[in-house]
Each structure stands twice: as structure tokens, then as C-alpha cells.
Amino acid sequence: MVRVGVLGATGYAGVEVCRLLSGHKGVELTFLGSHSYGGQKISDIYTNLRGILDKECEEIDIDVIAKKCDLVFTALPHGASKEVIPALYEKGLTIIDLSGDFRYNDAKVYEQWYGQTHTAPELLDISVYGMPELYREKIKSAKLVGNPGCYTTCSILGLAPAVASKAVDTKNIIIDAKSGVTGAGRGAKIPNLYCEVNETMKAYGVATHKHTSEIEQEISILAGEEVRLSFTPHLIPLNRGILSTMYANLKKDITTEELCDIYKEFYKGERFVRVMPSGVLPEVKNVAGSNFIDIGVAVDKRLQRAIIVSCIDNLLKGAAGQAVQNMNIMLGFDEDTGIDMVPAYL
Amino acid sequence: MVRVGVLGATGYAGVEVCRLLSGHKGVELTFLGSHSYGGQKISDIYTNLRGILDKECEEIDIDVIAKKCDLVFTALPHGASKEVIPALYEKGLTIIDLSGDFRYNDAKVYEQWYGQTHTAPELLDISVYGMPELYREKIKSAKLVGNPGCYTTCSILGLAPAVASKAVDTKNIIIDAKSGVTGAGRGAKIPNLYCEVNETMKAYGVATHKHTSEIEQEISILAGEEVRLSFTPHLIPLNRGILSTMYANLKKDITTEELCDIYKEFYKGERFVRVMPSGVLPEVKNVAGSNFIDIGVAVDKRLQRAIIVSCIDNLLKGAAGQAVQNMNIMLGFDEDTGIDMVPAYL
Amino acid sequence: MVRVGVLGATGYAGVEVCRLLSGHKGVELTFLGSHSYGGQKISDIYTNLRGILDKECEEIDIDVIAKKCDLVFTALPHGASKEVIPALYEKGLTIIDLSGDFRYNDAKVYEQWYGQTHTAPELLDISVYGMPELYREKIKSAKLVGNPGCYTTCSILGLAPAVASKAVDTKNIIIDAKSGVTGAGRGAKIPNLYCEVNETMKAYGVATHKHTSEIEQEISILAGEEVRLSFTPHLIPLNRGILSTMYANLKKDITTEELCDIYKEFYKGERFVRVMPSGVLPEVKNVAGSNFIDIGVAVDKRLQRAIIVSCIDNLLKGAAGQAVQNMNIMLGFDEDTGIDMVPAYL
Amino acid sequence: MVRVGVLGATGYAGVEVCRLLSGHKGVELTFLGSHSYGGQKISDIYTNLRGILDKECEEIDIDVIAKKCDLVFTALPHGASKEVIPALYEKGLTIIDLSGDFRYNDAKVYEQWYGQTHTAPELLDISVYGMPELYREKIKSAKLVGNPGCYTTCSILGLAPAVASKAVDTKNIIIDAKSGVTGAGRGAKIPNLYCEVNETMKAYGVATHKHTSEIEQEISILAGEEVRLSFTPHLIPLNRGILSTMYANLKKDITTEELCDIYKEFYKGERFVRVMPSGVLPEVKNVAGSNFIDIGVAVDKRLQRAIIVSCIDNLLKGAAGQAVQNMNIMLGFDEDTGIDMVPAYL
């Protein structure tokens, strides 16, 4: 059994990692780190885990973690990860970081969009972007994985085949994304209160959201040229799920069916990508509770424009599920071990 | 124009008073008191009010309030009202208090259920319980009104005719109440976060909720004997609305229709009470957004038991609406001035 | 009192007209037409109206309507309106039609997008597009108004100032719109069931939705050139509200503040349009329950692109509210009579 | 591999059985019966199953089923099961019926509450009530199981220890139950539409709901005397979950802790029953998505009354999950095979 720790175990992403690993056959949860709830059982905070994972949370202590763990998930706030990961890395631990801190190839981009100095830029060369569909080989031998963001997973995987195949112009790409509220985390803030979110919707971070830079990095690599695009996130009253609607002008005169085939070919054999049949678009309930990303495409012949829609569960394929997928790849397990949940529809 | 102040104007009940009064023809909002948002426009906090009520909030200052206002609504937390109301009362202001502090006839009951000393017990003799259907005459000349709680309004008005008519035994009364989340207020607390409340439900305050004592006080008066009963509140994932399901054993062998008639007779002429036709039970959407209370009854002949269901909008008939209704009575306006909204169904 | 009829009174838009008019001082509801519920009281179907509007619904009969009414709202399905309106018009009635049948200048466009022959094309020359902010003068003397669609109201008013001022390029306009479920109407269909809609979201009608043509018609007029654009509607789990997020490339190098000023100028004096301060974007809860449209703009300098966000209550400014606004204009009432509701936030 | 059929595979309970069995190691789905969708793939109707269970649905044909299956789940409407089960039984198939048709010991009780003649009363002697916590030994060798209802599972298991231990008086038992909307099934009816259910709540079937009789049957057996009780179901705006709040007067002077111990002892070793620690009450989100029932108790010393709260996922422990649990027992599999999901909290 591989000994695994989770730092930030009592955040929404952290506890989802714990939940998934509580049923995983190849690993053992040996350390749950929590600033807020040190000394308390995780099952007293997340009462769903009663009788399933009654383990106590501990303050984060590098030496203790190094002794108890082989691999660590860091589900800490953006900026906090980079303060603790260098020490973990030095101790020889394998690390999967769920924050934005190690997703970038260029520290400058990070610093510009996150508004802070990157204190461990040397680790950016070592870290691998943890998107298995694009970087599986590198992930296999990675010691530090920057696990992608939720919006970014949904958007990058949604655009990748169209961009990589040069089917679309990269000049006018628009990503209009909608997210459930778990994406906002468990902070006790007025804007996240039930009555402030229920029966309403809003755009936020317009033209300034951090994930823009992460999407641009990967789409630029896929396109082989620098791409700049619009990304607009929206807050929607539901718990789990992201739906990205993406618009790009066609460079080739292709049909919906042909574009669909490009997607099927690109994702052939991928365990967690489901390309919808031509004419069908995905919806959130078909992926919620699972590690799937569903992608559908439509060509608007009138406008010579592709509209691509993709859906994920933001806590699973958009965070904890993908993190476990990365772990499985790194440790040589079957890629779907512990994350083969069938989505529930209801 | 009567000059009106609202203390605690940025809480959910306070802002609802402001919203109602912004369209009221007989009064003028001259003071908005807020500890948290002094110096900010209320329309920057509750952005729905933009262009409608752009007035600035102020720190609470008795002298300023006394100069600016004739009548004051206090929508402060339980316990805080009794610290400020004696001074307002001394200044000659008319006061409608939305907290629990001046709803009791006996300070000891308050102290037992609220766990604190009542620092202005002498005002309990002066204050009138602000339930127009039971105390309209007293309200007309009141200088201090203790505006009833949300659960209590729904439950007391739901039980009153059955109890007053001696149709039911008072020994085994059960009130099982369900509330939307606005009842929990705007505090930035984890249990009130969207993701903690959505797609779940729970009971809380079982056997200990403060409102039990307020209901028992009024039901005892109506029954002419001391009544003790079970009251269990539940949190339900919706914004507005309380539904109380009440159970009482019949003392008389009556039909649903006869019980229904007792209710219709009791509430004859009441502007805001709608007794459902025999065989019909109310539901929340028929009252949400309005000052109505809808009440329906059913007799279970098999068990000789009455089941009574009542519904209100907790922010309106359960708080701000009833407070304005009281104000209208006190100031001699038509009782439905400013609160004649037609419920929206959708 | 003007005598008013509502055909299709038991649909979601129809009953909303009834609800608004039940409190309107200048009109009297004299005929409620319903195919499905003829002979039943509307308050037995929409139980919120109990005690407020207990009027019986009747089968649609032109002669009866002509005798009983001066003005008629037709809230019938697309395609059904055009079968009944010519006869009503011939009888001399004033008509406000909430379907798509009389919104078009060109019957061919209607036929292409609605997939049916327009049987009363001659009335298209007479009908006025009922958007007061663009056509107030014409509406004043109109005998037949084609009341705009919900998505279209939100999108056209959101884009109008940017397009009319030539601030944006009309080549790459994208409208990504999100709607609550009341927009789908009251049909008993599986896709509209609670459990099929709750906790999910989806795009629909991609590249083919009827409202595209209505938006293109009006934006083309505003632009002074033929405009074709992408419009993608989404179904979101909430009752009321549409949020449109619109993208257009800038033709001029302007700031958010300057674009904001263009909007403020364009809508100066409009009772129901609120342009957000620079830097602020609207959200649905600030308009739900009211006849307002809130509009905010952001300029993405990096991409030289404008992002415009607009919100309405789809049943009010997007249907019944705007219809009553049109009626007020046509009958010479104050434009906000009966529709001056303050949005509720919660 | 045991060959398993599901009749009524495209209802909410039926498809949940399919979803659970699609990941079950000991069985193979060999027949999916559907009146409405014969000839269509189940994954075209429940699109979450795409790529997971792409099997075609078939019309119900006894001979075909007998050839293809060893065991059959019947998830048909109440009344329809009893028309098809005798023939299946005669063919030697093992049957787990999710309707109410084979849950009763006495055909007369069924006929009285279901308003129809029981056409196969002889099978009631053979059928076993499928509640493993009460009838595990009988289930092991059963050929026909009447799988309990959702409300009844939640209520009977919630009351069983209190009643069996004679801790409570059986005279004034009140069950106030609240259910999510999946319990209403997939019928295309107006009252189940999103906009009719969202942001509201209501009681229904007051004093007449079928499940009353099923609860009374089992509580009477546990009590050793005939028990009649109040059961009131409510419809609550969420997808999955039932919460039952139960009231019973104490016969013994016991504390919350002592009552809690009675429950812990009663359910010792039960895989799917979690008794909350003294002072803790359960909530729906801790069981949703799992086969658990969580139960908490409180003693109101003031009133000498026990309040018991229990929660289940109505589609799992309340239907499909319990059905699979029964199947596991009947086939000798580990009782949690295929139903060991960890509840998700969010």
C-alpha cells in the first residue's frame, strides 16, 4: 500500500480526494492536514464520512508528513502550495498539487495573473501539467504534478481537437463557462451564502480571471502559436458541474459530422472522455459524480462557426478525480482505479 | 409623511422592511442604521435597490434617530434590541421590534429560553404582541410592538381557531415546521453556504428552539390553560417560505368540513388570512412574495386527529410584512398599504 | 376602465399578465381564454390567485371576446396566435401578441425560422415591434403589437447602444444566453420535470434557435447593415431570469468607462433600464420579480473586445411585464402603472 | 454470472437498479424491459449511461425473460407488478418487486389502501418483506421479495428500536416525512414540473397515503399489538433524499443517551445503518448517493417525548439500493457488493 497524505483535507477539493481514496485499493490515507480543524476527526466535519473515514486531522508538519507519506496531494489555496511544496519535494515525496502554483511553464505569466511573486520558479521546470489526455507519458515519471484547474480542464479538452487539427481560427475564440458553486470553495463569505446564490446567476472575473492564462498556455501549445482568447466564468445555482460553451470561427468548410470525427479520433481510447454522437450536446447531469468529460460539437454553417460544448464535474475531472487519475498513472495502477463511478443522472 | 427609521437595515429582515417602505405612500425612510455598512449606500449592498433607494446607511446614534424619526423598526439580533429600545422609547419614538426581546409577557420565560437576562423587563408590560389577527385593538394604540417570529406566526395562526374553539386536545400538539434559508439571516457562516444547504434538509434546535416558548405563550392564552407542545424546525433548500404541519387529537367528533368552517369563521374579514376550501391544503408558492398566511385543515377520522397546514413567506408575514402591517394599524393607514403584493406562484 | 381579455390565460406568460392586471388601476379583466381549463376558475389552477382573481376561464370565442373586451393580450403558442388575431383585429380590438407571430418585418424570415407558412402576412406591416425603448412612438398608436421574446429583449437591449454607436464590429457578435425554466412554459414534458432540470445545465437549439432571427432583425436595423450573429440559449436551474453575456470586437479604442457612458446616454430617462456603474456587472436577482433590465459592460483591453452582460426577469420584462408596459403606452397610462414592483433580491 | 432482468428499466427506480448492476461483479444484465422505450438503447434515454450500458430495451415478454434471466427486478407501477409476477414466478424465476404489490401480509389491507383487487393473493404468503435489518434470514431463501417503499424504509427503521424495546407509547406516534422529487417518478405531469416544485413545499396524501398501511403493518409486528399512526408526506425541492421526523411519547423515563444506546444495540453489525452519536441528528446530504440510513434520536424531557430523525436516499436504501442488497443476500454475495458507495456530502 502506498502511503498517501492530503494537505488541505477539509476543503471541498481536499475532502473529495479523501472520499475517493477511502475506497481505493492501492493506497492508504496516512496523513490528513488541516489548518482549521487540526485535532478533529474529518468525519466530525464531513459527517458523510462517519464510519468510513474517522481519521483525525493534523497540523501541517513537513517532518511528520515525510515520515508518514510516500505521496502527497496538496489542496491548499493558490499561493499557499508554493510555500510548502519545495520542502516536501526536497524530502523526496511525490506531489500532486491542486492549486494553480505549479501549472505554469513561465513564472512571469503566473506572477502577472496571480498578482504575487513565485517563490519556487525552479520547480516549474520539473512540474508536469497533469492533464493525462495531453501529457500522459510525462506524468508517468513526474515527481511533481500541477493538477489543472476546473474551468481549464473543461475548456482545454473541449478546444484541443479543434485547435490541434487547425480546423478553427484562433483569433476569435470565446469561452463562456458556467460553474456550480462547489467551485467557490468552503470559505464563509456572504457571496457564497445559499440565499445569495440561489435563484440567480452572474458573470464574474470578466476579462481578468486567472484561468484565462492557464487555458491560453495550453491552447497556444496545441495551436503552435500564441493564442489569446476570451474566458468568462459564471456562477450558477447548483452544486457540481461546469459547462463550457466555446465559439471559434472555422478555417475549413467542414460539417458537424466531420468535426465530430476529428474529436473522436483525437480522444480515441481515452477512458474518461466521451465525445457525443454528431448532433448531440452534453449536459452536466451526465457527468456529475463521475470523472468523465463529455464533449459535443455543432457547426453553424450560416456563420462558418464551430460551437463546442463540454461538461465535467468540477470536483472530479476538474479537481480531485483528475488528481487521483494522475496518481494512478504515476503509481502504475489502472487509470480508473477508485474513480470508475457511473454518473447518476439524478 | 411619517418619518421612519430602520435599525439593522442591512439584514435580511431589515432590508425587506426598507424595500416595502420604499413604495409606501404614507411614510418616508429617514434613517437606515447599520453597524456593518455605515457610510455605504444601501443600494451598493443590496443592488436590487439601485435607483430606488440609494440612501446611505449610518451608525446607530440615539440622538440622531430621535431627531430624524417618528417611528423606528428595530431589526437587530435577539438580545441587541433590548439594549437600544429603552433609550428610543424614552425619546418618545414609536417602536416596532422584529427581535424576540419584546414578545414575552414574562421576562423569566424569555430568560430561560434565550439564555440571557432581560435588561428592560418593565417594557414587557408596555409592549404589545404584534399579531393583528389576535391583538389588533391593542396594536392601534401601542408605542412598542414585539413583532412575532416567523415560525411562531405560522404556527400560532395555524393553531388558534382549533385551540380557541376547544376542538382539539392540547396535550399532544406537535408542530413540525419547515423553513427556507432566508430565516437563517445573512451571517457569513459555513452552515449557511449554498453547497451546505442545497440538495439536503435537516432538523435543528430539536426540543430547544426559542420559538417554542413564544408559541406556547400564545396558545396557552388562546386555550385558557397552560399548554406545552413539541416544535421542530427544519431547514429546507429554498429562499422564502415556512410550512407548518400541525397535529392535534380531536376532542369533538367533527369532520374536515366542520373544522374548516371553524377556521373560516375565526378569520372572517381578515385581509391576510386565507382559509383553504375543505379538502385543500396550502403550499408555499401561493404565499411567497406576499403578506398572506394560507391555512388548510384535514381531519383523520381513523385516528380522530386534526392535521393543520399553514404557510407564510417568512420575510413578509413572518417578519417585515407583518411589521409594516402593524405600522399601518398604528398609524391609521389602510392595513394593506404597501403590502398588497399578489403572490407570484412562480 | 378599459376592458381587457387574456387569451392563453393559464400559460405561464398569460397568468403573469393576469396577475399584473389584477392590481392595475386602469383596466378590468373581462375575459380569460383557456383551451385547457375552460369552465374552471383561474384561482383553482393558479392557487396563488385565490381571493384575488377568482374569475372563470372560457373557451376562446371571437364574438364573445369582441363584445367583452377593448384590448386583448394573446399569450398563445407560436403559430396559434396568427390563426386567431386576424379575426380579433377585424373586430376592431387592440391586440398585444406575446408569441413570435407578429414580431417580424418579413414573413419569409418568420417562415424560415418557424418552419410554417405565415397565414396573415399583411398584418406584419401593421404590427409594431413592442420594445418601448426603441419604438415608443410607434407603439403609442399601434393597434397590433408583436411583444418581443424574452431572450431577444435581453439581448437586443444589451447590444443596442454598442451597435448603434458603431463602437463594435458586427462581424463576430456572440450571444451566450442563460435562462431560468419558466421560459420553457407549462407543458407536461419529461425534459421540464424537476429532476431532469435540477442540478444540471445544458445548451439547446444551438445555431437554430428561433430567437436568433428576431435578434438579427433588430440589430441589423440598429447597425444599418445586415448582421448575422451567434445566439446560444442554455437552460439553468432557477425559475425566473435570463442573463445574456455578449461578446463583440471593438472598432474604437475605448475604455469600459467610455462604453458605459454610451449606454447611459442611450438609455437616459428610460424607466426600466438600469445601466450599471462602470466596473459593475448585473445579476439576475436584482431584476427578478421586476420589469427592469440591468446592463453592465466591460472592455477587455488585451483583446480589444467588449463584453456586455444584461439581465431580465423573463416573465416580466421578457414577456408579461413588457406587454403591460406596451399597454400602458398604448392607453396613455403612466408607463409603470401596475409594473412598478421593486425587485426582491431574495 | 447470474443473469438478471429489470422490468420497468426506464423509470427512476428501474434505471437506478441498472446503474448499480452495471458495476456489479456477480451479475450480468441480460434483459431490460420497457413499455415506453422498447427498441431504444437505454443510454439514449439516460444519457449518463453512454458507453457504460448501451443495451437495448425490449417489450416485456414472459417467455423471452424466462429464457434470458435467472432473477428479475420488477420496477413497475403499483398494480402492474401483480399482473406480471405470477407468470414469472411460475417460470421459476427469482423476483424482487419494487412496487407495493407484494409487501403485504393481508390482501385486504392492500385492497383497502390501493383501491384495487389483489389478483395474486396466494403469492403474498410466499413473498418476503425485503427489509434485511428485520427479515434477513427469510430473505436468504426467498423466491419473491416485496421490496419496501421509500418512506416506509425510512420510517420503519427509524421507529423499530423504540417500538420493539417498548420505550415508547404506540398511541400517539406521528411521522412527518419529507421527500425529494425523484420519489414522484418520471411521469410527465404538471405538478412535477421544475417550476411547480422549485422554491415551494407542500404536504400531500394527508391521512390517506398508501405507505401508512405498510408502516402500520411492520410497526404493529414490532410492537406486538395493532398500531395506528399518522403519516404525512411532504414534497421538498431537491432530487434525492427522505427525512422522517417521528414523535412518540415515552413510556419509560429515559435520556437521549439511553435511547441512543437502544438504537445502537438494535442495529449492531448492520452494514447500512448508522446510528448518530447522542446529541447528533442526521441530515440528507450524509446519505444521498449511498445505501445508508442515518438515524438520530432526541428525548424532550420537558414533554417526555422522543423525537427520532432518520434519513435515506429514496432511490437507494429506499428503492434500488435496498433491492440490490436483497439480491446480494439471496444470491450469497457480500451484502454491500455494488452498493458500497461513499456518500458525497456535496
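Order of writing sets the labels: A, B, C and D. Residues in every chain begin at 1.
Quick note on the criterion: contacts are C-beta pairs under 8 Å (C-beta built on N, C-alpha and C of every residue); 3 or more make two chains touch, one makes a residue touch a chain.
Predicted, not measured: the structure shown is a model, and the values here were computed from it.
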Smallest number of contact steps required from subunit B to reach subunit C: 1
Contact-richer chain pair (by C-beta pairs counted) among C-D and A-C: A-C
Of all other chains, the one whose Cα centre sits farthest from subunit D: C
Mean-CA-position distance for subunit D and subunit C (Å): 45
Whole-Å separation of chain centres (CA-atom averages), subunit A against subunit C: 38
Junction residues of subunit D - those touching two or more other chains: 12, 182, 195-196, 198-199, 237-240, 283, 285, 346
In the complex, subunit D residues that touch subunit B: 172, 174, 176, 178, 195-196, 198-204, 206-207, 228-230, 232, 234, 236-241, 243, 245, 247, 249, 281-285, 288, 298-300, 302-303, 305, 307, 309, 346
Of all residues in subunit A, those that touch subunit D in their complex: 12, 15-16, 19, 22-23, 46-52, 182, 199, 239-240, 274, 276, 280, 283, 285-287, 289-290, 294, 315, 340-346
Residue numbers on subunit B that touch subunit A, as the complex places them: 12, 181-182, 186, 188-190, 192-199, 237-239
